[in-house]
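Heads up: the structure comes next, in structure tokens.
Labels A, B, C, D, E and F are assigned to the chains in the order they are written; within every chain, residues are numbered from 1.
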Amino acid sequence: MWTYNRNLQYPINIKNTNPKLAKIIISQYGGPDGELAASLRYLSQRFGMPDKKSKAILNDIGTEELAHLEMVGTLVHQLTDGASVEEIERAGLSPYYTDHGVGVYPQSAGGTPWNAATIAVKGDPVADLTENLAAEQKARATYEKLIDLCRDDRDVVDILKYLRQREVVHFQRFGEALNGVQEKLAQKKWYMDSIKNN
Amino acid sequence: MWTYNRNLQYPINIKNTNPKLAKIIISQYGGPDGELAASLRYLSQRFGMPDKKSKAILNDIGTEELAHLEMVGTLVHQLTDGASVEEIERAGLSPYYTDHGVGVYPQSAGGTPWNAATIAVKGDPVADLTENLAAEQKARATYEKLIDLCRDDRDVVDILKYLRQREVVHFQRFGEALNGVQEKLAQKKWYMDSIKNN
Amino acid sequence: MWTYNRNLQYPINIKNTNPKLAKIIISQYGGPDGELAASLRYLSQRFGMPDKKSKAILNDIGTEELAHLEMVGTLVHQLTDGASVEEIERAGLSPYYTDHGVGVYPQSAGGTPWNAATIAVKGDPVADLTENLAAEQKARATYEKLIDLCRDDRDVVDILKYLRQREVVHFQRFGEALNGVQEKLAQKKWYMDSIKNN
Amino acid sequence: MWTYNRNLQYPINIKNTNPKLAKIIISQYGGPDGELAASLRYLSQRFGMPDKKSKAILNDIGTEELAHLEMVGTLVHQLTDGASVEEIERAGLSPYYTDHGVGVYPQSAGGTPWNAATIAVKGDPVADLTENLAAEQKARATYEKLIDLCRDDRDVVDILKYLRQREVVHFQRFGEALNGVQEKLAQKKWYMDSIKNN
Amino acid sequence: MWTYNRNLQYPINIKNTNPKLAKIIISQYGGPDGELAASLRYLSQRFGMPDKKSKAILNDIGTEELAHLEMVGTLVHQLTDGASVEEIERAGLSPYYTDHGVGVYPQSAGGTPWNAATIAVKGDPVADLTENLAAEQKARATYEKLIDLCRDDRDVVDILKYLRQREVVHFQRFGEALNGVQEKLAQKKWYMDSIKNN
Amino acid sequence: MWTYNRNLQYPINIKNTNPKLAKIIISQYGGPDGELAASLRYLSQRFGMPDKKSKAILNDIGTEELAHLEMVGTLVHQLTDGASVEEIERAGLSPYYTDHGVGVYPQSAGGTPWNAATIAVKGDPVADLTENLAAEQKARATYEKLIDLCRDDRDVVDILKYLRQREVVHFQRFGEALNGVQEKLAQKKWYMDSIKNN
């Protein structure tokens, strides 16, 4: 079970309203490779893992991604909070404003609501962990594009770089989890069995 | 930020494997009115609330729904874990098994991956809180249908009744939050202003 | 059955072409909280209502929303009809024009085709009517955002204000329907029964 | 504008509850080629037609399809109304019941909520009317499959055959509309112009 | 089975980077009426055709559309390859760049990932071939809109006109296939049979 | 450009009609990890690869997956061709039959039309190739589930095992491509650059 601890929050203080940046950063909230996708993917895959270690890694990283989801939401909120309608319009945010005001809605930069079709839970530990390696690379790539596009706002870039760095760390940890699972499966000849009988 | 506390987990011990029940209960994991929808809806709406009290209620309930998401996932997992392929087939779970094995994937009972189009974040406190009143009623109704369908498994029904009861409590709390917000808006004439100027 | 009566049409005469406004107003045609969503939601829920009065209210409002769907479509059409390609481009309507020309297509301002996942029909009168209270609040909020964004075109704002006002009226009527249904259910102890037996 | 006339309703009186048939007939309510798709497609295309005659045909047929939508909804309702939970289960309707009870929800037989991606509005009269010829053929084919599957219930088959027959009539009328539009375009060299200038 | 022949490629050499055009042309890669939709529609329908001739036509045109898919992808690639971040921003391509860099992703101009709901396979030769007549008209209309919007780049327009012209040819061929199938069905009274028995 | 060579077809001769197996195998045609997803993913990513070798690998495997798409379609077709309506019903294929007859439509076993949200094209060679490693693992896992479920039909299992084996080979080749790309990027310090400048 999760408990919310206000004291553990990463401090986010964006000095300047900038809806134009919010418009693209929202993709790491509810886009195809964002933090919602990551968190839900890992927390869902947990149930099917064959050992405690991989379950724990998925639980840890899934929980951390929940915190990152909140960080990205806070970024989007601070970049739009108090913006005038004219600023919204100039930033090309009118379509978003029509349906969500300056709320934080889980959609991609391109405007598509988040869809669980973007994640996989295969009930196969090797496939699931390889999916996660890919997820981390895709999240890293997205943060790099965002860093390109937000280059003029140092406050924002610093947070994006922190979040990007965490994806690289997660990638390493999923690599270790995959090694552990493959060793375990090798001992038990677990996943090959379903094939052998045919 | 969230931290995961294993000691706070609601104890779930389903004695009998029953994939047929898992097939429908999955809807409260990733269906249109399930716990993922609830949790993400409330945690996303938080950012736009006009006062601390409503922010806190959304944060509390959103966090509790995360725990319920885990409970429903555990239910689905325990009802399918160790099921034979023949049991899967008899339960009509072959299509699900094809793409997800006995993993826990966020989809509706009808087989549609979860879609954020099922939730609203309007950046309007009155609209958002009324959305939540509806969400709680819809979740209640879904649990009642599930209680109908799972009637022969007492272990499962007990958990579903607990979860249903919590939705009723949340409905009350959102009603209070809505009252609070409406009073606040009345003082500030906040949401009418955008209209008045036109 | 419906019959179409040309004489009952609300007069819409927008003097100035303005594709930029069409781009966002389309959301009340085919966006998540638009008139299509409203109309189809109410007309679909009708079948499951427990009394004639609530059926009649849903039929009336659902039919009125069909008329509003036509009004919003007419708005979009008049705002784009005869626009030159250059005007289309300047208004940021090129993506829409690529796939729909200056036709009226049911999509959100953000570009997502309408999806029935945005509405609920639960076969539970209390849940369905609460869903409708939320729907009306969400539609009201959307019209308010549009009024903000269309502030410079008085013809358009007048129609949006009229449509907004109707949502407030519908909200009241759904509140009355909900009261009626709850009284009826209290007499019959109808919706609690399914729970009691478990 | 539409008005609802109760006296014009097609009489539907299905004698036997049969949720198994409801499960598939729902596709003509909210499936890819159902009555919602048809009605919304024609009523949306209306705005862009170049002459009064084709506008009128689209308005007429779109309005008739609204009536058919109601007929199909009534069919689904009568086939499920009063069904016991056991009947629901035996008919394979448990997933639908979980999320919609025995309400009428716009989805395909396969369980996918209706999506406007299934229809096209191109803002090009020739393309739109050819789209409609295809729509009528697809609706006819769907009714034929349903007639195959519902063969044992004469009440249901009679209505399906009536609805199928109407699609054939609509096909003819759209053929005439297309001829009329092509003649008009030939006079004005209308749709070729946009190409000529390049 | 397909083999790839590099020598058969249509030469595409776009001289000027222009991400603004890429943003809309992508719709013929992965939009509702684009080349992916066409190719997959025809290659999927093949299996159910009643004679060799119609199977061959579907296979030929489906294969040609695969080549056109590649041409459109090449267009998008050449129009964005080497573009600076500033050019991306000025072209309004930031949202796309966030999630896809300057890669070629199957989505509509409006930003929606391609969805098979945009195509039909009815297992009914007459319905399927009429669907294809509509598909070709819709593709033609889309190319005409793109020709309008890309009018200042002669290299691009030339390719779009070639691709448009092919859709007109395909339309003719599907018309012939439909005639052939209808004759065959008339002899065998094939599709009416399923109705007759009821 | 592709050419179709009938002589290169893998021979598929399924002796027994079995719609029940078709119902699940369709997922490798149009499900989240099926051959359409694979083929389109690789052929789309091609454009953005930094060297000829990785472009060629993507082109080769993407083309081979097109052939596999055809094989899976043929499997589905042979398993349903000539089935009676009663067989369709007993196999639980009535919903599919309603909308697609016994045609081959790109959907998952669970009934969801294929959606490009299931694939990623990031315009980042490392992310794209890691995505492909995951895609191959997910396809392998799906074939293994299908082999479990189709265990009683030797003809079908033999083809599924062949297709599964090819995914393992592709996984190896994408591993090599990733190594090649990483070496190339290390020389050029290519993908780190975008970060360094910030």
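Quick notes
In the analysis below, contacts are C-beta pairs under 8 Å (C-beta built on N, C-alpha and C of every residue); 3 or more make two chains touch, one makes a residue touch a chain.
In this text the structure is predicted, and so the values were computed from the model without any measurement.
The chains touching subunit A as well as subunit F are B, E.
Chain pair with the larger contact count among C-D and B-C is C-D, by C-beta pairs in contact. One inter-chain figure worth recording: subunit C and subunit E are separated by 33 Å, centre to centre, where each centre is the mean of the chain's CA atoms.
Averaged C-alpha coordinates give centres for subunit B and subunit E that are 40 Å from one another.
Residue positions of subunit E with contacts to 2 or more other chains are 32-33, 92, 97, 99, 101, 107, 110-113, 115, 117, 122-124, 141-142, 148, 151.
Contact between chains, using the touch rule, shows up for A-B, A-C, A-E, A-F, B-C, B-D, B-F, C-D, C-E, D-E, D-F, E-F. Interface residues of subunit E facing subunit A in the complex, by the touch rule stated above, are 85, 88-89, 92, 94-99, 101, 107, 110-113.
By the touch rule above, subunit B contacts subunit C in their complex via residues 32-33, 112, 115, 117-118, 120, 122-124, 126-127, 130-131, 133-135, 137-138, 140-142, 144, 147-148, 151, 157, 161, 164, 191, 194-195, 197-198.
Subunit E makes touch with subunit C in their complex at residues 23-24, 27, 31-33, 92, 108-112, 141-142, 145-146, 148-149, 151. Considering their complex, residues 1-6, 8-10, 30, 36, 40, 43-48, 59-60, 63, 66-67, 69-70, 73-74, 76-77, 97, 99-107, 113-117, 119, 121-124, 128 of subunit D touch subunit C.
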